[in-house]
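Take this structure, written in structure tokens, and hold onto it; I'll ask about it next.
Just so it is clear, A, B and C label the chains in written order, and each chain counts residues from 1 on its own.
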Amino acid sequence: MKTRFLGILFLSGLYVASGVGAAQSPNSAATEECLGCHAGLHPGIVEGWKKSRHAATTPGQAAAVEGLALKVTSRAIPEALKGVTVGCAECHTLRADAHQGSFDHNGANIHVVVSPKDCATCHTEEAQQYDRNLMAHAYGNLVDNPVYGMLMQAINNTPVFTKGKLTTEPANDLTKADSCLYCHGTKLEVKGTVTRDTEMGEMTFPILSGWPNEGSGRINLDGSKGSCSACHSRHEFSLEMARKPYTCKECHVGPDVPAYKVYEGSKHGNIFSTKQSSWNFKEVPWTLGKDFSAPTCAACHMSLLVNTEGKVVVRRSHEVKNRLPWRIFGIIYAHPHPREANLTPIRNKANLPLPTDFDGSFADPYLWNEQERKAAAGQMQAACLACHHQSWVDGFWLRFDNTLETTNRTILAATQILGEIWKRDLALGLEKKGNPFDEYIERVWSNGWLFYANSVRFSTAMGGGGDYGVFADGRYHLMKTVREMEDWLELRKGRRK
Amino acid sequence: MKTRFLGILFLSGLYVASGVGAAQSPNSAATEECLGCHAGLHPGIVEGWKKSRHAATTPGQAAAVEGLALKVTSRAIPEALKGVTVGCAECHTLRADAHQGSFDHNGANIHVVVSPKDCATCHTEEAQQYDRNLMAHAYGNLVDNPVYGMLMQAINNTPVFTKGKLTTEPANDLTKADSCLYCHGTKLEVKGTVTRDTEMGEMTFPILSGWPNEGSGRINLDGSKGSCSACHSRHEFSLEMARKPYTCKECHVGPDVPAYKVYEGSKHGNIFSTKQSSWNFKEVPWTLGKDFSAPTCAACHMSLLVNTEGKVVVRRSHEVKNRLPWRIFGIIYAHPHPREANLTPIRNKANLPLPTDFDGSFADPYLWNEQERKAAAGQMQAACLACHHQSWVDGFWLRFDNTLETTNRTILAATQILGEIWKRDLALGLEKKGNPFDEYIERVWSNGWLFYANSVRFSTAMGGGGDYGVFADGRYHLMKTVREMEDWLELRKGRRK
Amino acid sequence: MKTRFLGILFLSGLYVASGVGAAQSPNSAATEECLGCHAGLHPGIVEGWKKSRHAATTPGQAAAVEGLALKVTSRAIPEALKGVTVGCAECHTLRADAHQGSFDHNGANIHVVVSPKDCATCHTEEAQQYDRNLMAHAYGNLVDNPVYGMLMQAINNTPVFTKGKLTTEPANDLTKADSCLYCHGTKLEVKGTVTRDTEMGEMTFPILSGWPNEGSGRINLDGSKGSCSACHSRHEFSLEMARKPYTCKECHVGPDVPAYKVYEGSKHGNIFSTKQSSWNFKEVPWTLGKDFSAPTCAACHMSLLVNTEGKVVVRRSHEVKNRLPWRIFGIIYAHPHPREANLTPIRNKANLPLPTDFDGSFADPYLWNEQERKAAAGQMQAACLACHHQSWVDGFWLRFDNTLETTNRTILAATQILGEIWKRDLALGLEKKGNPFDEYIERVWSNGWLFYANSVRFSTAMGGGGDYGVFADGRYHLMKTVREMEDWLELRKGRRK
């Protein structure tokens, strides 16, 4: 196969008639060069791509689509890309100079990690929206927040028991990448090069730290934030995948954000599970009732929906807070959704980088005000109303507001008990320079707001999902947590640590 | 669109040739009137209905079906309904006078909430059976039982921590509707009217409390009990949906009744998950082996099953206890199935409204006797025997009986430990006017019978499902619970609260 | 139907033209005889078989297949079997003399339980591989290990509370069969015979203890180990079923071995869930990228995979350790994979039958050495590399090694705390003849290594699955466990039991 490495006809505009997809749309010569070796080496990658829309059309054709079916929002696609499929070379050599660690690979200047800024070459609006999306900032919002930093330490550190005493050693980068940053995204860095003896002879590749990773807020080698492949899995980039709830589940299934589990147990989830095989997950725009009969995560939170008359019900957005009045996973209380995707400037009244105070009050200046919440709720309700009458929707939102209030009140009681515990020096809280998340009773408390209050809220938010609101991580456990804290305190009253 | 509001040709018998479904079966003029606006307003509802059998046939045609395929069991369908599809107007104006809060809507007397008594107009036997089903009585069986009332309070109340002391405030109706009553059903009530400025001009609608709700024991505005749409989801009312386990999962997925989770992990669930795409979920009667190769929830508990020679294996019933010798989710012990669906008259020997005593003995007069249990088991086993030899079935039922006995014995030990705790005034039990479910150690105890004993029983009941019988909420956790109670008591011996 | 019982033309080689599957392949006369009654009696069994490959081909035809598509690996199929379908009689009368409890059934010498040695008649290599597989030895590896015996007792025994004291009674055989042995397999034994009045008149059958069971390490009535139907569900024996993850889930879904749950939440699981309906699960060999675009359990652990050029990527093996360098569910630490499937000879340095010591050191002589681990990892990585570049795979394995090390270190700290607890006589450990698994604090400890450390390892092993590595039974809970043990000890310091 080595004889196939001639020179590189990179992005030459020279169309190649043979090869995959050629009947409809021509691959570039450079991409054909890639396919020559990689089809045999990485059949999973190449076959996936061959099933993709990227292999079946060209940016020029896609940009010519009119009306709501248009998916390519750039008005300035480079000429060299317009007439060829979106193949290996098109993405992995695009903006090569902007990426650290781009390297020579048989004459092509390659970068391994394609970033949202690369995708923005054709999908401009989506990339811009996503950059304003909380998820794009998931890395910095976590690691640059010293309070969350203490939570991460309390989870990831390694315990050491010496002479009857428990201490911890800091978690290393591999643990962090495998733990919180798997979803939040790692920070990629070039750490040198490695030369390998491959089937094609000796080759040199960059060594990347933080790799592999497809977290939603990955810091890329061109400095951009996010990973489109978090949801649009490489290399098929299938709309069907982004629209089905299994994608969201990758990060939203645990007790902290049990969105998928609650969805699956809801009426909507039942209808999806039962009927999905007869639905159309590929149509753009997506017609309510016709293409699908119950919403998936994407339908309510992101997709462009139209009614059977083709009228827009709600517009597409990759900035999900546009439809979210509240942020329901409490840290430590549910609160109005933050206005900006970068959360690091937020300060509560105690000057901590948190959206609420320990007494439950909100860091107002940084959060949606009532009018903004109403606008966001209106966006969401537009979808609700396509299948439900106003009185149904009103009844639902009344319960939703009630759940936010009552779960916040329950967490307030739990937090006050912990305050009493801290005051009595039975555990070491933030005021006395302790990590508020690391001791056993603090973990009981965090179970309350992180798992049980959240589960109740997600359950209500998805139109009810009885078990998740009660026995499956719901109110039964939330109140049990408060009672465990009471029990723990009562037993130790009068003691000191 | 306002010009389309002419007069209402309600149930006029005047067939309308144009419009959805008209080719096969005619919509009534009244339904066409509804569709005129709602197709655009509520595409999800209208498109769902268009895919339904209700849109494709008429009660007259359906009632003429002969043999086991007959689904319409009324022998007295009103003439006006016989010749038109079962459309919007047919259901939502039916028996309008019987429903509180029926209201004028463009000349039609509409009720929002269709009840089992409405459905009984055509599906008479099914509605009668369901009325004798425990699930139809799920509202009263819960809220009219003062002991269960204490459990609900211990779960739903809001805690308040003041001056170092924890108290609770009663849960409001919104919380109750979102919590237990989501599955058990709410009591619907008309709370006045609201006038809204709609796309069609000003319109007045009733305000309903307890709405929305599709709980299995909903108290409807005509006084009837239950919601057919709990399982036969509006507006497609698909047999496929009722037969697939995702419907049952809506209420039976939590650790209290982990039916779906256990099923999914069982051999039957594996076969369903793997092979369902090649099965026929629409055929009536349902042929074992041919239409499906492993049972779903419906197959064992409700459906009419025949063998490949068309011989009835087991008859359809919406009264599920017909096939259930035991009620395996213990309150607080597994016990013979109650004879009547209305459980409120039940009294145990201590005169509490419970099917068992705290010492494990049964409230015999209210429960199946041995002969009745044998008859119910026989109904269930008819289905088993279609795929399993008698020796297989016998071996299985031997284990099932053993599991009921051993889990009950384990709960007895746990309850005796709690008795000791109550006796020593370390917690406040029922005898001293305390809520037996609210303190921490009482919640540990209820974990035992409500989650772990139940999980073990469900696991055995579905032919084994190793993990759910052992490590996934099974025996491992059941025995750990007993040990935690022992540990808690040992530490506090000699103390008083 | 009784008139159909003539004499038995057992395995006569006389082909019967009529009956199921006859168009392509002839059933034996004996099988036709079986079908005559059982089609009506057990439609589930017969219809399942009719859909199977066994009903559509003959061993002779199957053995003639050339190349990688060959599934029948015997070179010595008995002549009598070569020309007929693999029907009822072929399996259930095969090697009848080798099976205890074979019985006369209308003239045929029948055995109920078909064993791997029966299947080996055609599938020789697979049966041999499976016999060297850990799963085939799951019964003995559990019940013949006295330490594991104590864990079983601590889980399965029935508690009794008398005079303020908690003791336990031994679990009976029915409980054991329903609990651990459901997956590990029971030991089948003939316990006499029973005569039943059947539709066909009086008939006598053997009574089997331990039946039904399809555990992976079942001890069969011919002395062989295992149950092919554990994964190849009777009587369709569908390749599709063995290749989909639902089969593995039957035993690998609980928190002890959360393989399925982690898979389902991983990127691979997302792609499977979304795209499986367009995949080909029947093709042999299985082509990466073409037949499927993400691995299932089988793809990584057992299946024969080829690339699109038909080149073998990895060979089929029913001996799964061939691709497993490590055994990641720690007992009590993750450790190099045992070399032999029979684990009973293993002794750690303390002479206990465990692969590791309580201080975390490995029982080296019995476990893969570094070179063997490298070979096994190489087998696994061959599949990885079909979709991922070397740098991706290297980055992943670096994290995997790190997770094994850090979780083992965390369990070491937990075990040292327990050691301190035992030393202070706050609980009764192994050294003082106590069961190390039965007391509350010991169960907290076993939660750590059995559930949480395992969940973290499975999460890493499947390329990350954020929630299972952190909040869903992951590091959050692992560290909480250590903190609970610390908290428990601190409270009791200075006490004696």
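Here is the rule we use: a residue touches a chain if its C-beta (ideal position, glycine included) is under 8 Å from a C-beta of that chain, and two chains touch if they have at least 3 such contacts.
What you see is a predicted model; the values in this text were computed from it and never measured.
For the two copies, chain A and chain B, the CA superposition rotation is 120 degrees, given to the nearest 5. At the interface between chain A and chain C, under half of the residue numbers appear on both sides, which makes the contact a different-residue one. In whole angstrom, the spacing between the mean C-alpha positions of chain A and chain C is 35. Shown for chain A are the residues that touch two or more other chains, namely 277, 491. The touching residues of chain A, counted against chain C in their complex, run 39-48, 51, 112, 154-161, 164, 166, 171-172, 174-175, 177-180, 182-183, 194, 196, 198, 205-208, 211-212, 214-215, 233, 236, 238, 240-241, 244, 246-247, 249-257, 277, 438-441, 443, 450-451, 491-492, 497.
Those residues of chain C whose C-beta lies close enough to touch chain A in the complex are 264-267, 269-271, 273-275, 277, 287-290, 293-294, 307-309, 311, 385-392, 395-396, 398-399, 402-403, 406, 409-410, 412-414, 416-417, 420, 459-460, 463-472, 474-476, 479-480, 482-484, 486-487, 490-491.
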